[in-house]
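Down below are the structures I want you to see.
In the two complexes below, subunit A is the common chain; its partner is subunit B in one and subunit C in the other.
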Partner chain A sequence: MAALIMILVSAMFFPGIILRTKSIASGRRGPGILQPLRDAGVLLRKGSVFSTTTGLIFQIAPVISLATVLCAILVIPFGKQEALIHFEGDFVFFAYILSLGRFFMIIAALDTGSSFEGMGASREAFFAMLIEPAFFILMATFAMFTGYVSFTDIFSNFFITSNHYVLIFSIIGFYIFIQIALVENSRLPVDDPKTHLELTMIHEVMILDYSGFDKALIHITTWLKFAVYGSLIYNVVVPAGWNIYLQIALFLAVQALFAIIVGFLESFRARNKMNKNPKFILTVSAIAILAFAVILILNLNL
Partner chain B sequence: MNIALFFVVLILSFALFPVPKVLKHTTALIVLAAGVAISSVWSIEALSGLSSELRLEGMIPLTGKPVIFAVDGLSAFFILVVNLTLLIGLLYAKGYLKQYYGSKNSLSFSLHYFSYLWLYFSMILVLIARDGLSFLIVWEIMALSSFMLVIFDAEEKSIMKTGISYLIQMHVGMFFLMFAFLISANETGSMSFDSLGVFFSGHSNILLFILFFIGFGIKAGFIPLHSWLPRANPAAPSHVSGVMSGVMIKMGIYGILRVLLYVRHDLLQIGILILIVSLVSGLLGVMMAIVQHDMKKLLAYHSIENIGIIGIGTGLGVIGLATGNNTLSLLGFSGGLLHVLNHSLFKSLLFFSAGSVYTATHTRDIEKLGGLMKKMPYTSLLFLAGSLAICGLPPFNGFISEYLIYLGMFRDLPSSGLHQSILVLGSIVVLALIGGLAVFCFTKAFGIAFLGEPRSQHAVSASEVERGMIMPQFISLALIILIGLASPLFVRPVFDIVGTGFGIEGMRRIAETSLPGLASISLIAGVFIVLVVALALYRKIHLRSVKLSTGPTWGCGYTATGPKQQYTSTSFAYNYNHVAKPVIGTKKMMPEIEEDELFPEGRSFSSRVDDVFQKVIVEKPAGLLSELLKKIAVMQTGKVQHYILYAFVFILFVLLLTWLNII
Partner chain C sequence: MSELYRKISSNPFTISLDSIPVLDYAGFFDQTVLMMKDEAEHCAALYAVEMSGAPRLFCCLANDNDHCFRLYSTELPRERSTVPSLSKEIPQLHVFEREIHENYGVVFEGHPWLKPVRYPHYRADRTSVMDNYPFYSIEGEELHEVGVGPVHAGVIEPGHFRFICNGEKVLHLEIQLGYQHRAAEKLLSESRNGISRCVMCDNIVGDTAVGYALSYAQLIESLSGTLPATSLQIERCIALELERIAVHIGDTAALCADVAYQFGQVVCEALRTEIINTTQFWCGNRFGKGLVRPGGSNYMMNRKVVDKILQVLEDVGKRFAAISGRIYSLPSVLARFEDIGCVTRRQALDIGAVGMAARTCDVRRDIRWSHPFQYYGESSFEPLVFDTGDVLARGLLRAEEVRESTELIIELISAWNNLPAGNSGPDYNLSLSPDSFALSLVEGWRGEICHSAITDKSGNIIHYKIKDPSFHNWMALAIAVRQQEISDFPVCNKSFNLSYCGNDL
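And now, the complex of A and B:
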């Protein structure tokens, strides 16, 4: 329960912090931290325009996408607090339920019959497919490292083992979860949400036809996804045994740090050339494999 | 229950020929239902008393020799899968075959239904035959009847050719099986599965197993033995493709599992062999599926992928047996076996709905479709559900079997040694990639064919197919959802079958620790559905209070867009194609624009994907062989004198050999 509340709370401020970071980095005054929330509020109340080409899929996709992320949150623990629902192999479920949401967003983009959105859909499907192995390799590494196979057990035992190399996995986990989050949420350097040209977008071009309520749902889903990955990052960097108040403070700090990192990346980095993306994404998997090699060497005393 | 009753049903199938054309379907349905009833009783009997197999005494009608048929847990499971799919297939066939009603005469309908029934009978008999000879006979009947089904539309020349090539490949497989049985029979004196056990306990296991694996693998469609699958399936009528892809290829899996029950040594090598072949099949199967434009061909390549997933589970199971890791063994085999059921459900559903699309549009080319969701809502929803299930997404059934395999692998990791953990990690990566690629492929197939605007007249004039074709598919859909939501109900018997079949120690304990996970999945799936419904309801109510309007799709300021400008299946796969080119070798054909060509003329673009394995393994050797035979054909002069000369030379040759004491 704790994780659910913490994620929901931190998700509210996440986009605002990214926005603030970007304004400060570029020397602008910029809007306040709550601006994205207000924007979403406006969108929620606004009317919608639906393309005549679209149908049921287009209408239901944002709802399903949001529901998948909410379900994914249910398996995430917070410190010593167990996840609401935890079972062996729940991270497989986590990856696949997010995949379900993506499936619907992709076909919703194709439902509009627009070539722009088809292009975005194709890219999203392709890049998401490429990042999938990184997550599984990382989880395999953690499973080997802790000897457990669920989020709750892995994270509550992450820092307990007498292994002195835990810092290595902590750092690699930190790095890879950030990269996965960037790819999954279509952020720089894979995709630039603020680009002005449809041809160079991925996620934004997929949702071109959404407006009003549905668009707000899509934004909220993205924030939640960020916060979900932020909480995974938190779980690999902060030991589960610490004091609960300290944990709450640290959780918010880690989420804020994550948002600031994203903001800085977006301020100072250029987007990859589109055909460089596969290489970039596969590098993340390669780093995950490196982590796996390390754990093999440690476990087997090679 | 005695097998005689089943043989009576078998003979009843001849009643198809005299009955009038309109009654043929009903007759076939009655005969099939009788067979289904009898064999289901066997399976349920066998499953309720798993420890001992159900023996059925029988006679071979012609020779009067007694033969043993037996139903154990493994057979029972496959029998139920076969029963289910063939029944749904035949129900669906009624509507599908209506389009041929005018063009085909009564005899072809009789032959078609007759072959369908015999395909069913032969599959059941394959599953219960326990001696090699009768097994090979019914295996052959299975090949022949499915051949007859494939060439139903044989007026088209290409279909006949595909059929013949299918028949030849099946017989190559048959040859390997026969060879394998004969090797064992030569040593042990009897040609039965039980004598395989005797053979295996005294000899090297891997060589004989490889023979069986090739024989059964051709039926199952493991890469590189798969090349018949993507060609025969599109050629066959859709209900036949559904049945062939859904269950007939599983007979290969059954054969492999059956032989594995008797294998004693070399388990590790065998496990690694199965695992690696399956990993390759799974990955390449889906990779080649993505670039297909023919809907049924795409589905056929997905069958290869799914056979790969089943094989990954099986291979891991065997590795678990070899290394004494019971958890990996039980979860691997169970995941594989459950995937047999799951795949039979969603693959047949996909083929049936693809058949409905063909009935309505008369094309299988995805590039010519589009916008079918509005014209064929039920078919679209069925295809969507099948797509989600085949991608292994929760809350559908495909996820459950893949989850079991994943769970086995992840649980195995902490305790396994260097080589095994690398193998397991490799399998995890491949399985994850297969999942991602399947999503890529089915978002393409569903999105391009069913969504957007119609791309051709075929799609514009489509309308929903008749209810008789849709209803049977809902049976599959109901089961798909049921397995997804109430998985423990289905996984528990699978655990029992695998545990007793392979004698896995501590099966109960492992099962008890694995089932809570499945229960949690059911719970969270329930939460998901409630969430979706609640959110959708809230959205609906909320949208009433705001201003809604409609307009054209956003065209970036350009308003004259037409359906031709939509993303196509080729363009959707463009990025992917770019990366996967070295593996699948897509060829593009477009004349280059010359530098001095100031006003480029009209150009045509086409792309083509050749199955590399088909080329290297089938076409090249066959080409070489026919070249060679053409050279030998010089001898065939047509002059009697020459032939007499050949005979004379031959006799001289034999005399010479005898004189030299060689023969």
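And now, the complex of A and C:
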């Protein structure tokens, strides 16, 4: 329960902090932290316009997508607080419930019949497929390291093991979760959420036909996804045993730090060339494999 | 026939219609093919004018090496006649022939691409409309077509791009323009009001206001035999260079925005503002509208303006050098610019590329140097040339041209300092020489802008012709994106930054 509340709260500030960081980095004052929230509020009060070429899939996709992210949050623990649902192999559930949401967004994009959206959908599917191994290899590493196979057990035992190699996995987990979050949420360097150029878009082009209420839902889904990955990052860097108030403060700090890192990343570098993205994403998987190999060697005491 | 063409060495120039050689079409054809085999030669103007019932074709070639124009003409036997196409031999003439075909119904036999250019109201074939544009298509299981525009996501002008792609790779791009129907040429030839003509020229292509106004002013002065005072000539050059600096910096910002490099974008945007505000300080308009007028100027440069320009240029020059050094050394930016959208030297010569598009492909083509106008002949200007022809070259050329233009302005100002200040206002009612052909070329920031006019026996303009550098260069963009990824199209497009309204007029 604690995780759900914390994620919902931090998700509200996430886009505002990224925006503000980018504004400050470019020498501007920028809008208030809550501006994206207000914008979403405006959209929520509007109706949606649907193209005549679209069908039912297009209309239900944003809701399904939001629902899947909310489901995914349920298996995430917060410190010593167990997740609302936890069972062996729940991280597989986590990965594929998110994929389900993405699947619906992809077929909704195809539903519009637009050549842009088909292109975006194909890119999204391709890059999502490439990032999947990184997540699973990383989780397998953690599972082997702690000896448990659910988020709740892995994270509550992550720092308890007397094994001081934990620091390595903490850092690798931090790095890989950030990279996965950037790919999953279509941020720089893989995608550029700010661009107006349809031909270069990945995620943005898939949602071009959405308006009003549905568009707000899509935005909220993105924020939540960010906060979900932020909470995974938090779980690999902060030991579960610490005082609950300290935990809450640290959780918010980690989320804010994550948002600021994303903001800075987007200010001072250019985006990848489209055909460089697969290499970039596979590098993340490669690092996960490296971590996996290290833990394998340690476990076998070679 | 005594003379096959008239050789002219001044820019702008006016000559009487009678003295332009009239060849038969076969002679016209052979001579054009023969002369244009020289790669230094490119077509500055080729257009038809309805004279005594039949179209007369005027052709003016500009040579980069001997700094001369060659002017000749031919008379077609009647309207809608069928003649062999020059484009088969000289590809760069394709768009000129398309225009003549569209306006006068002349059929160019063997033309590979005889499609509409801009759908003017007075076109010969009124059944040819936007909806039945004959797009090129390729059959294939794996291929798909992507159409972009004419309404775009950003704030840009209307134009339709149709890609034929194999997956992410572009096989072919067809650019269809002609969505704006302002009939600029027709209005200019019909208007008898000097002021309204000036205002029109300021607004034909909004991002090259000074270039267009200067091209028009030169033309009118040449037609009326007026020679502008040296101080005025210098002032015009300074205005043109300021425009070049502002647009080049703005384009650098846009290039950064296209690859999502926010830092480069915001810094360059801020610097561009400094420059256009200086132009505003000078003449009250950020784009220099109203600054260049025939015969004189409403905004003579004074000490205050000079000091402001020098101070801003020193500051902006330093800061832009710093940021462009940073942009073009950042690996993530270089990865997006290097070897993207390449145009080879051969291709650039074949399509008759002008201006920046030519100079990034190792073609030394700059009107300021090859056919100097205003004060450029006396300045120490030398064109800059890059040879890779990719997006990076087009970016770097901008950075280098900003530096060069800054130095040029400083040189021009020191020349201006030694001259008595002129204080003549513009003259909108100059009387033009009758029965004449006049042509004026200006190197705007994009490339050469050509204005040309023909007068009747009472000195009224009966035909006005404008040619924007984009008229040649759109083809360069179509070639640049072949075999590239479709997601690199926007940055290629931005690196050329061609004009839609300059094509549509």
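Observations on the structure shown:
Methods note: the second predicted complex is superposed on the first by the 302 of 302 C-alpha atoms of A that agree within 3 Å, B and C clash if a C-alpha of one lies under 4 Å from a C-alpha of the other, contacts with A are read in each partner's own complex, and residues count from 1 in each chain.
We adopt the following convention: a residue touches a chain if its C-beta (ideal position, glycine included) is under 8 Å from a C-beta of that chain, and two chains touch if they have at least 3 such contacts.
Since this is a predicted model, take the numbers as computed values, not measurements.
Of the two partner chains placed by the overlay, subunit B and subunit C both lie in contact with A:Phe116. When both complexes are overlaid on chain A, the residue A:Ser26 reaches subunit C alone and has no touch with subunit B. When the two complexes are superposed, the chain touching more residues of subunit A, out of subunit B and subunit C, is B.
Of the two partner chains placed around the shared chain by superposition, subunit C is the only one that A:Pro189 touches, whereas subunit B remains out of contact.
Legend: residue contacts after superposition of the two complexes on their common chain; A:Arg269 is shown touching subunit C, with no touch to subunit B.
Looking at the shared chain after the overlay, A:Glu198 reaches both subunit B and subunit C. By the touch criterion stated above, A:Arg38 is placed in contact with neither subunit B nor subunit C.
When the shared chain is aligned, subunit B comes close enough to touch A:Pro133, but subunit C does not. In the superposition on chain A, A:Ile57 contacts subunit B only, with no contact to subunit C.
Touching of subunit A by both subunit B and subunit C, each in its own complex, is seen for residues 115-116, 118-119, 198, 274-275. Against subunit B, in their complex, subunit A makes its touches with residues 44-57, 59-60, 63-64, 66-68, 70-71, 74-75, 85-90, 92-93, 95-97, 99-100, 102-103, 106-107, 109-119, 121-123, 125-126, 128-130, 132-133, 135-137, 139-140, 143-144, 146-147, 149, 198, 208-209, 212-214, 217, 274-275, 278, 285, 292, 296, 299-300, 302.
Interface residues of subunit A, counted against subunit C in their complex, comprise 22, 25-28, 115-116, 118-119, 188-189, 192, 194-200, 266-276.
Interface of subunit B with subunit A (complex): residues 370-371, 373-374, 377, 384, 388, 391-394, 399, 402-403, 406-407, 410-411, 413-414, 417-418, 421-422, 424-425, 428-429, 431-433, 435-437, 439-440, 442-444, 446-448, 451-453, 513-514, 516-517, 519-521, 523-524, 527-528, 531-532, 535-536, 539, 542-543, 546-556, 561, 563, 565-567, 571-576, 578-579. Of all residues in subunit C, only 144-148, 153-154, 168, 256, 258-263, 265-266, 270, 330, 332-333, 335-336, 340, 485-490 touch subunit A in the complex they form.
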